[in-house]
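The letters A, B, C, D, E and F name the chains in turn, as written, and every chain counts its residues from 1.
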Amino acid sequence: MDQLLQALVALAIIVGAGFTLIGSVGLARLPDFYMRLHAPTKATTLGVGAILFGSVLYTMVTLGSFSLHEILITVFLFFTAPVSAHMMIRSALHLELKQSSATRGKPWPHGRPGER
Amino acid sequence: MITWAINIGLALTSLALLLNLYRLVIGPDTPNRILALDTMYINAIATIILLGMKLQSTLLFEAALLIAVMGFVGTVAMSKFLTRGDIIE
Amino acid sequence: MRDHLLILPVVLPLVTAIVLLFAARRSTWLHRGIGLGSTALLVGISLWLVAIAGDGGHEVYVLGDWSPPFGIVLVLDRLSAAMMAVMSVLALFSLLYASGGEDRGPYFPALFQFQLMGLSGAFLTGDLFNLFVFFEVLLIASYSLLMNSGGLARSRAGFHYVVLNLVGSLLFLLGAGILYGASGTLNMADLAVQVSQATPANQALLAAGGLVLLVVFGLKAALLPLLFWLPRTYSAASPAVAALFAVMTKVGVYAMLRTFPLVYGPLAGDLEGLVWDWLWPLSLATMVLALIGTLGAQTLSTLVSWQIVLSMGTLMTIMSLGQAHAYGALIFYLIHTTWITGGLFLVAGLVKSQRGTAGDVLSAAPKMQSSTAISVLFLIGAMGVAGLPPMSGFPAKLALLQSTGLSDGWTWIWALVVGGGLISLIALSRAATHLFWGHSEGQFNEKRKLHPCCYIGAMALVLASPLLSLGAQPALDFTRAAGEQLAAPQFYIDAVLGRESVSALPAPVEGRVP
Amino acid sequence: MTRRLLPRPRLSLFLFLIWLLLSNSVSASSVFFGALLGWLIPMLSHRFWPDHTHSAHPLLMARYLMVVLMDIAVANLNVARLILGSPKKLRPAFVTYPLELDNDFAITVLASTISLTPGTVSSQISDDRRYLLIHALDMDSEEELIRGIKRRYEKPLMEIFQ
Amino acid sequence: MTLALIVFLPFLTAILPPLARPAGRSLCAFAAGVGPIASLVLALNHLDTVLSGGLVQQSWSWIPGLGMDLAFRLDGLSMMFVILILGIGLLVILYARYYLSAKENNGRFYALLLIFMGAMLGIVTADNLLMLIVFWEATSISSFLLIGFWSHKTDARKGARMALAITGGGGLALMAAVLLMGHVVGSYALGDVLAAGDQIRAHALYPLILVLFLLGVFTKSAQFPFHFWLPHAMAAPTPVSAYLHSATMVKAGIFLLARFYPALSGTELWFYIVTFTGATTLLVGAYIALFKHDIKALLAYSTISHLGLITFLFGLDTRLATVAAVFHIINHAIFKASLFMAAGIIDHETGTRDMRQINGLWRFMPHTTFLALVAASSMAGVPLLNGFLSKEMFFAETLESDLLGGFSWTLPVIATLAGVFSVAYSIRFAHDVFFNGRPNNLPKYPPHEPPRYMKIPVEILAALCLVVGVLPAWSIGPILASAAASTLGGALPDYSLAIVHGFNLPLLMSATALSGGLVVYLMRHKLFAIHDSWPEIDEKVIFDNAVRTLAGWSGRAIRLLENGSLQRYNLLLLLSVLAVGLTALWPMDFSSLWARDLAPVDPGTAVGAGILIVTSILTAAIHRRRLFALVALGTAGLMVALGFARFSAPDLAMTQLSVEVVTVVLLMLALFFLPQSSPAETPLLHRARDLAIAAASGIGMTFLTWTILTQPYSTIADFFLEQSVPAGGGTNVVNVILVDFRGFDTLGEITVLAIAALGVFAMLDGLKIRAPSRDYTGHRWSSDPFPIMLQQLSRPLLPMALLVAIFVLFRGHQLPGGGFIAGLITAVALILQYVANGVNWTQERMPVAYRPVIATGLTLAVGTGVGSWFFGAPFLTSWHGYVHIPLLGKTELATAMVFDIGVYLTVVGATLLILAKLGRLSTIDETGQEVS
Amino acid sequence: MELLFSIVLGCLTTSGVYLMLRGRTFPVVVGLTLLSYAINYFLFAMGRLHTDKAPIIGTSESYADPLPQALVLTAIVISFAMTAFSLILALRLRADSGTDHADGREDDA
C-alpha cells in the first residue's frame, strides 16, 4: 500500500512537473500571443494541480497526517486562471496584437461583434 | 523513489522557468511579457511546493498560496494598465 | 513617570500625533493647542533629562525588559540630554511660528509630532539598527513636512533630498549589516566591546562598516562632497520646517559623536581614530566651500543654509580632533548654532511674509511693513551666527578655538574660523543692507501684518542666543562634562552591559557561540 | 432577522470550510474560530459578496463540476499534444459565441469553464452581454464548437441558475 | 559695582531716548544725556585715586570656563579715555539736538550713540582681554548702524558695510591675537598679560600675535593701507563723524597700542611695523587731505594723518614718545571734534560741504568762523594752541630715534614734510571756507549763525584748545601724567609742558612746516592740476566691486558645484562609498575566501540565481521602455522572494511577495501619469562612466558579501532561539523578535509607514495632473473599465482573502505570518476591489476611512507598550500565558498579539490610504478639463 | 553557493546603481527598488546562508539566525514606504515642472 502510494506521489509529481514544463514550452514556441496563452493557462494550471495533489498524498505518506490545505491553492488557481487569461487576452486585443495568418475569424475591436 | 521524483520535478520546473524567462526577454510585446511573468508565478508555486516536499516542511505552504494570490493580482493589474492606463479609477 | 522617563520623549509625541490623527485633517486652534502643549511638555521632559544626566553617569532604559545586548536599550547621557533640549526648544518655537498659518497643510500637526518622535528616538537609542529605524522615522516625517505645501522649487529639491536620503538609508543598512556580519551584535556598547576584541581579519570589515556609516552620517551632516542637496532643500522649505531642519543636520553630527568615539575610540585598538583621518580634511574643505557659498548666496534662506553648512564643517573639524575638550566645545557650539540658524530661518520667513513676490532675495524691494521689528531680530541673529559678542556665537567660537589647544593643524581651524567670521560678516551685512536699508520705489499693495505667533516664535529662538551667552558657564560645564563622557566610553559600556569594567571582561559573552 | 444576523449563510459556510482547510485540522478551536469568522467576516464584507437572488441547485452544480473536471483533464492531454506537435498544423480561430445566459455571474462561470477546457479561451464579452468572443487553439468547425459548448456547459448552467 | 555702572549706564539708558521721542527732540536729547552724566560723575569720583597713581578694579565671574570675566579697571589711561568719551559724548548729544531734524528718528540715533558710548567705555575700562573683544566688536556693530543711519543713501549703506568689514575683520584678528596671548600667558586678565611682556616677546608665537594684534589696531585706527574706510564713513551724520571718527572709535586702536605697550613693545618688529605704518599714514593722510574739496573729507584725511602721527610716536618706542602720543590723543580729540562740529554747522547752514561753493562765510557767521579758526590753527600746530605742544614733542622725538642707523634722518624729514601738508590743508580749510571771496551757488542762501546752543559744544572745545595751549601743566598735566604712567606701566620720563622750550631744532621744524605749508597752499592750483591728472581712486567703488566680484565668483563656483543635478549628487555619494570601501578592504587578506567549506550549488538555485541576474540586468538594460522594465522588475522581485524561501526565511518570502505586488501596482499607478519611455538622454561617455561606477559597486558588493560569508561568525542569535518559546511565547522566532524582543523597531517601522501614507496624502492633496488619453502605442483607452469576469471573481475573493489574512495574522507568532503579511494580504485584496470595481463602488461598500484605521493601529501598538507600565515593567514588556477555555482547551494569550494587530491595522490603513488617494487623483484631460 | 549568492548581489547592485544614476525620475525609483533588493539580501546574508533551518522552533535541529531576517523584514517595509513616497514625489515634480527629469528641467548636461 505504502509502495503504491509512494509511486502515486512520484507519478503525480512527474506528471505535474511535466505539464508545467509543457505549458512553458508552449509559451516559448507557439507562434502568436493568442495561441501561447492557451499553454500556460491550461497545462501549467493542471500541472500545479497535480503537484499539489502529490503533496497531499506525500504528507499522508511521510507525516502520516491528513492534509488537505493544498486544495485551497488548486481551487484558487482554477478560479483565477480563466480571469487572468481573460484580462491578458483583452489587453492583447486592445493593443491589436497580430494573430498568426492561419487564424480564422476576426476579433471585435470595440466590445461588440459586427462592428468593424 | 519520491526523492528522485522530486528532483526530477524540480529540474523540470526549473527548465520551465528558464523557458518563461526566454519569452519574457524576447517578448516581443508587453502582453507576451505579462503572460510570461504570469506563467512564472504559477511555475514558482510548483517549485515552492516541490521544495517544501524536498525539505519535508510545511512552512512554505502559505508562501505558495501567497504567490498564487499575488500573481493573480499582479497580472490583472498589469493587463488593466494596458487597456485602461489608470488601474485604480 | 520617573521610571519611564527615558521613553517619554518617544511616546509623548507619538501619542500626540495619534490624537491629532483621530481629529480632523486640517489644523485648528484645538490642534495647535494640543501640539504646542505637547511640545512644551517635551521641553519640560528634556530639561528633566538634562538635570538627570547632569547629576550622574549614564541612565539605561531596557525596552521590553530584554537585557542588552539582546533587546533594545535607550541610553541617556549628557550628549543625548543636550540634544533633546536643543531639539525640543527649537521645535517648540518652530511650531509656534507654524501656528501663524504655515501649519494649514493636511496632517501638518501630526507630521510635526512624528518628526519629534523620530528625533527623540534617534537621540536616545543605544542600538545601531534602532538608530536606523528612527532615522527613517525622522526622515520620512521631514520629507512630508518639506512637501507640506507645493511649488516647483520644493518638489525639485524634495525629490533630490528624498532620493539621496534613500540611498543614504540603504547605505546605513549596508553599514549596519557589515557590522552585524562581522561582530554579531547591534547594541552599540556591545559593538564597542566586539571591536575592541576583533581579530585582524575582522578588523578590515569593521573598518569598512564604520566608514560606510561615516558616509551615511556625513550625508546627513552635510560633509563635503555630500552636501550639495542642503542649500536648495533648506531654502525651499517653509520657514518653520526649515527652522526645524536646523537640527536635522545635527542628527548626523550626533550620530557620529555617539558611535565613533564609542566604537572607534580609545578602546578600538588599531581601529582607533579610523574615522577622524577622513573627517579632518573633508570637514575643513566643507568649511571652505560653505564660505564660498555664503558669499555667493542670493537669498537670505540660501545664505542661512550655507551658514548651516559652515557650522557643520566647523563641528566636524573640531570633532576630528578626537579629544574630550574638543567634544565639549563642539557640543556647546552645536547648541548655539542650531538655535541661531533655526531662528534665522524664521526671520527669513518673516522677511518673506512682508516682501511679497520679492521674497527674501537680496536685492532692493519696496520697504516692508514692520521693518524695524524684523531688522532687530535679524541683527541679533546675524551677530549670533557670525560669532559677534555678546551673542552665543562668541563664547562658542572661543570655546572651539581654545579647545584646539594649538595641537596639530590648529592654524587651519583658526584661519577658517576667524576668516569665516569675516566672510560671514561681509555677507550678512550685505544682506542686511539689501533687505532693511535700500528700498526701491513703490509700495506693496496689500498690508501684511506680522502674525504674533510667527513673531514670538522667531524672537524666542533669536533671543536664545544672547541668553545662551549669558548662561554660557553652566552650559559649558555641562557640555564639557558631556565631552569627557564621550571620551571615556568604558563608562557607557559598563552602564549598558552592566559590567564592572571593560578590561576585566573575558572574550566570549554568555550565550554566544563561537 | 436571520438576514441581519447571518447575511450570507452560504458564504459563511464556505468561509468555515476554508478555515478548516487553512488550519488543516478539525480541533475544537479550529471549529470555534472558523464558525466565528464565518459569521463575522460576512457581517463586515457582505456588501462585496454578489447578491444571489437565484438559488443554484447543489446537485446540479456538483454534476456540472464533475463534467468540467473531467473535461479539464482530457483537455490538457489534448493541448499538450498540440503544443508538442508541429505548430504549423494548428488551426487557430476567433469565434463569436451567442450567449443565452443572462446574468453576470453565470456568464462568468461559463466563460471560465470555456477557458479551462480544451483549446478555448474566453477573450471578450460584448458590452450588451449577448456575445462571447472565444479564441480556439485548434478548431475543426465553428458550429461544432458552439454546439458543444451550448450542450455541455451553457444548458446545465441555465438549469443551475434558473 | 560703580565701575560696571560707568560702562553699563549708557547701555541701560539707551532705551530712554526712544521712549522720550514722542515728547520732542529736547527731551529726547536730555534723556540721552542722563546716563553719560551719571557715568561721568561716577568716574570722576575715582579721579583722585587715579591721579595719585591708584588703580581701581572690579570684577564678576561670567564664563570662567573660557577665562572670560566681567572685569573692569580704572587707571590713568582708562580715566583719560573715559573723560574724553563721556565729555565729548555729552557735547555731541547737545550738538545733535540741533543737528538732526525733528522728522528724523532722534530716539534711534541717541540709542545707538549711547550703545556705542557704552562699548567704548567698555574697551577702555576692560580688565579682561576677552571682555575687551566683546566691547571692541560692539563698537564695530554700533558704528555700522550709525554710519548707515541715513540708510536711504547709497553712500551711507556702502560706507557702513565697508567700515564693518574692515573694522570687524580687524576685530577678528584681534580676537585671535588675544586668544594666543591668553594661551601664552595662561590668563586673560589684563594685569597678568601686561606683566608677562617678557614671556610674550620670547614666545615663538610673538610675531604672529603682534601681526594679528596690529591688524586689529590698524584697521580700527584707519592706518594705511586700511585707512580708506574712514573717509567713506563720513556718510554718517556729522555728530557721528565728530564723535566716532575723530574723537573716540578711531582712537580705540590707538588706545590698544597704549594699553598693550608694556606687553608687546620693545622689539625691532614692533618698531619697524608700527613706525613705518604710522609714518606712511601720517604722510599719505596729510597729502590727500589737501586735495579734498569736501570739508568732511578733508577733515577725515586729516584725522587719518593725525592717527598716523600718534601711531608713529608709539612706534618710536621711547618713553618720551609715548607721553607725546598720549598727549596728542587728547589734543587731537579736542580740536578735531570741534572742527567736525563746525563743518556740520556749515553743512547745515549752507546745504553743501563743497569748498568750491562755500566761500567767505565770515561775513555770514563770524562767531562760528572764529571758533573754527581756533581749532584749525590748533590742527596746524600754531603756537599757543594745544596742537602745537604735542606736535612739538613729536618733532623732538623723531630727532631722538637712532634705530634706523644711517637713515635716522628720514624720520624728522617725514615729520616735517607731513607738517607742511598739514599746515597747507589747515590753511585751505580756513581760507577756502571763511574767506576767498563770496559764496558760489549755495543750496541755502544766505547762511546764518546756527542756534545758540548748537555752538556751545564748539565753544567749549575751542576754549579747551586755548586753555591747554596756554596753560598745559595746569590744565592737562595731572591727567596726562597719570595716563602716560599707566601706559608705560612704570615711572614717567622727565618732560615739561612749557609753551616754548627755547629756540631749538623742533621749533625750527615747526617754523619750516608753517612757512612750507603756506607756500604749498599758495602753489595749490599747480598742485591740484598735477593731482587731478592722476587717476582718481574711489576706494568705495573698488571695495564694492571687490565684494561684488567675489560674490559673483562665489556664486558661479557654487552653481558649478551645486548644479542642481541629482545625477551629480548621486555620483558623488557613490564615489564616496567606493572610496571608503576600497581603503577599508584593501589591506584585507583574501585568502580566507576559499578557506571555508562552501555549500554546493544545486541546479534549481542556480537557475533561480540566473533568472535573477538576467532580469536585474534586463531591468537596467531596457529601462527606457518603462513598462518592460516594470515587468522585469516584477520578475526579479518574485525571484528574490523565492530566494528567501530557498534560504530558510519563509516570513521574508511572504513579505517580499506581497510588498512586491503592491510596489508594482504603485509603480503602474505612477507610470500612468509619466511618459511611457525615457528619451535617450546622457551622452555615451556619461553612460560608460555610470556603467563603470555601477560595475565597480557591483564588484565591491560581491567581494564584500563573499568576504563576510566566508568569515567565522558568532552572534547574539542563540539568545533569541532559546528564549523565544519560554519567554516570548512563540515558536516563530522572527515574529517574536519583531513584536517582542525588538518590538520597538517595529513600532518605529509602522510609524514610518503611517507617516509615509499621511505624507503622500498631503502631497497629493489638491494636486491636478494631466492624464494621457491614449496609451503609448496610440490606442485610445478601452471603454470598459471593469470587465465582468474580473468583477464577478473579485467580490467573493475579498471575504476569502480577509479570512486568509486573519489566519496568517494569528498564527504569525507560531508559524510564518504575522501582522505585516496579513496587512499586506488584506491591502492587496482591497486593491483588487479597486482595480475590478473602481474606487467609488468599493468606497461605497466600505464605511471605514483609512486615517482612523492607521490611528487605531498605532494606538494598539503604543498602547501595548504603555500598558506594561501599569505592571511596573518597561515599555513594550510583553506578557503571555495559557488559559483554559471550555471547549477550546488550552489557548495562548499574548500581549504581543495585540501589538501585531496594531501592526496589521497600520499596514492596511497606510497602504490603502496611499493607493486610494493616488487612484482618486483629480486629473486633467487633453483639453485641460478636470476629470474626477 | 556563497559565491553565487555574492554574484547575484553584485548584479542587483550594478543594475540598481546604473539606474539610480539616470536622469529621469522613474528609472531612479526602479533603480532604488533594485538596490533595496540587493541591500535586503545583503543584510539577510549577514546571518549566513542556511537551507532547511527556518527559525521556527520545533521544526529543525538547528536554526538560521533569525535576527537578520527580522531586520530585513523591517527594512522591506520601510523601503516600501520610502518607494511609495518617492514615486508620489516624482508625480508631483512632474505636475509642477511638466517634465519627468529628476532636476525638474528638460535641458540635460
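By definition in this document, a contact is a pair of C-beta atoms (placed from the backbone, for glycine too) under 8 Å apart; a residue touches a chain by one contact, two chains touch by 3 or more.
For reference, the UniProt names are A = Na+/H+ antiporter subunit G; B = K+/H+ antiporter subunit F; C = Monovalent cation/H+ antiporter subunit D; D = Na+/H+ antiporter subunit E; E = Monovalent cation/H+ antiporter subunit A; F = Na+/H+ antiporter subunit C.
The structure displayed is predicted, hence computed values, not measured ones.
Asks: Chains touching subunit C and subunit F (Na+/H+ antiporter subunit C) alike, please list them.
Replies: E
Asks: For subunit B (K+/H+ antiporter subunit F) and subunit F (Na+/H+ antiporter subunit C), what is the smallest step count along a path of chains that touch one another?
Replies: 1
Asks: Go through E-F and B-E and name the pair with more C-beta contacts between its chains.
Replies: E-F
Asks: Using only alpha carbons, which chain's centroid is the nearest to the whole structure's centroid?
Replies: When every chain is reduced to its C-alpha mean, the one closest to the whole-protein mean is C.
Asks: I'd like the Å distance between the centres of subunit C and subunit E, where a centre is the mean of that chain's Cα atoms.
Replies: Distance between chain centres: 17 Å.
Asks: For subunit A (Na+/H+ antiporter subunit G) versus subunit F (Na+/H+ antiporter subunit C), what separation do you get between their C-alpha means, in angstrom?
Replies: Roughly 32 Å separates the two chain centres.
Asks: So what's the Cα centroid distance for subunit B (K+/H+ antiporter subunit F) and subunit C, whole Å?
Replies: The answer is 48 Å.
Asks: Indicate the residues of subunit B (K+/H+ antiporter subunit F) shared as contacts by at least two other chains.
Replies: In subunit B (K+/H+ antiporter subunit F), the residues touching two or more other chains are 10-11, 13, 15, 17, 30, 34, 59, 65, 69, 76, 78, 80, 82-83.
Asks: Counting only residues that touch at least two other chains, what does the list for subunit C look like?
Replies: 129, 133, 136, 140, 143-144, 147, 150, 156, 159-160, 163, 167, 178, 180-181, 186
Asks: Mind pulling the residue numbers of subunit D (Na+/H+ antiporter subunit E) that touch at least two other chains?
Replies: 18, 22, 111-112, 122, 127
Asks: Determine which chains touch and list them pairwise.
Replies: Pairs satisfying the touch definition: A-B, A-D, A-E, B-E, B-F, C-E, C-F, D-E, E-F.
Asks: Would you mind writing out the residues of subunit E in touch with subunit A (Na+/H+ antiporter subunit G) in their complex?
Replies: Of all residues in subunit E, those touching subunit A (Na+/H+ antiporter subunit G) are 775, 777, 779, 782-784, 787, 789-790, 793.
Asks: If you look only at subunit E, which of its residues touch subunit F (Na+/H+ antiporter subunit C) in the complex?
Replies: 563-567, 570-571, 574, 598-601, 605-606, 609, 612-613, 616-617, 619-620, 623-624, 626, 629-630, 633, 636-637, 640, 643-644, 646-652, 655-656, 659, 662-663, 666-667, 670-671, 673-675, 678, 681-682, 690-691, 693-695, 697-706, 708-710, 713, 715-717, 720-721, 724-725, 731-734, 737-738, 742, 745-746, 749-750, 752-753, 755-757, 759-760, 763-764, 767-770, 814-816, 820, 907, 910, 914, 918
Asks: In their shared complex, at which residues does subunit E touch subunit C?
Replies: Against subunit C, the touching part of subunit E is residues 61-68, 130, 133-135, 137-138, 140-141, 144-145, 148, 151-152, 154, 157, 160-161, 164-165, 168-169, 172-173, 175-176, 179, 183, 547, 550-559, 561-562, 564, 566, 568-570, 572-577, 580-581, 583-585, 587-589, 592, 704, 707-708, 711-720, 722-723, 740-745, 747-749, 751-752, 754-756, 758-759, 761-763, 765-767, 851-852, 854-855, 858-859, 862, 865-866, 869, 872-878.
Asks: Report the residues of subunit A (Na+/H+ antiporter subunit G) in contact with subunit E in the complex, numbered from low to high.
Replies: By the definition above, subunit A (Na+/H+ antiporter subunit G) touches subunit E via 79-80, 82-83, 86-87, 90, 94-96, 110-111.
Asks: Can you tell me which positions in subunit B (K+/H+ antiporter subunit F) touch subunit F (Na+/H+ antiporter subunit C) when the two form their complex?
Replies: 55, 57, 59
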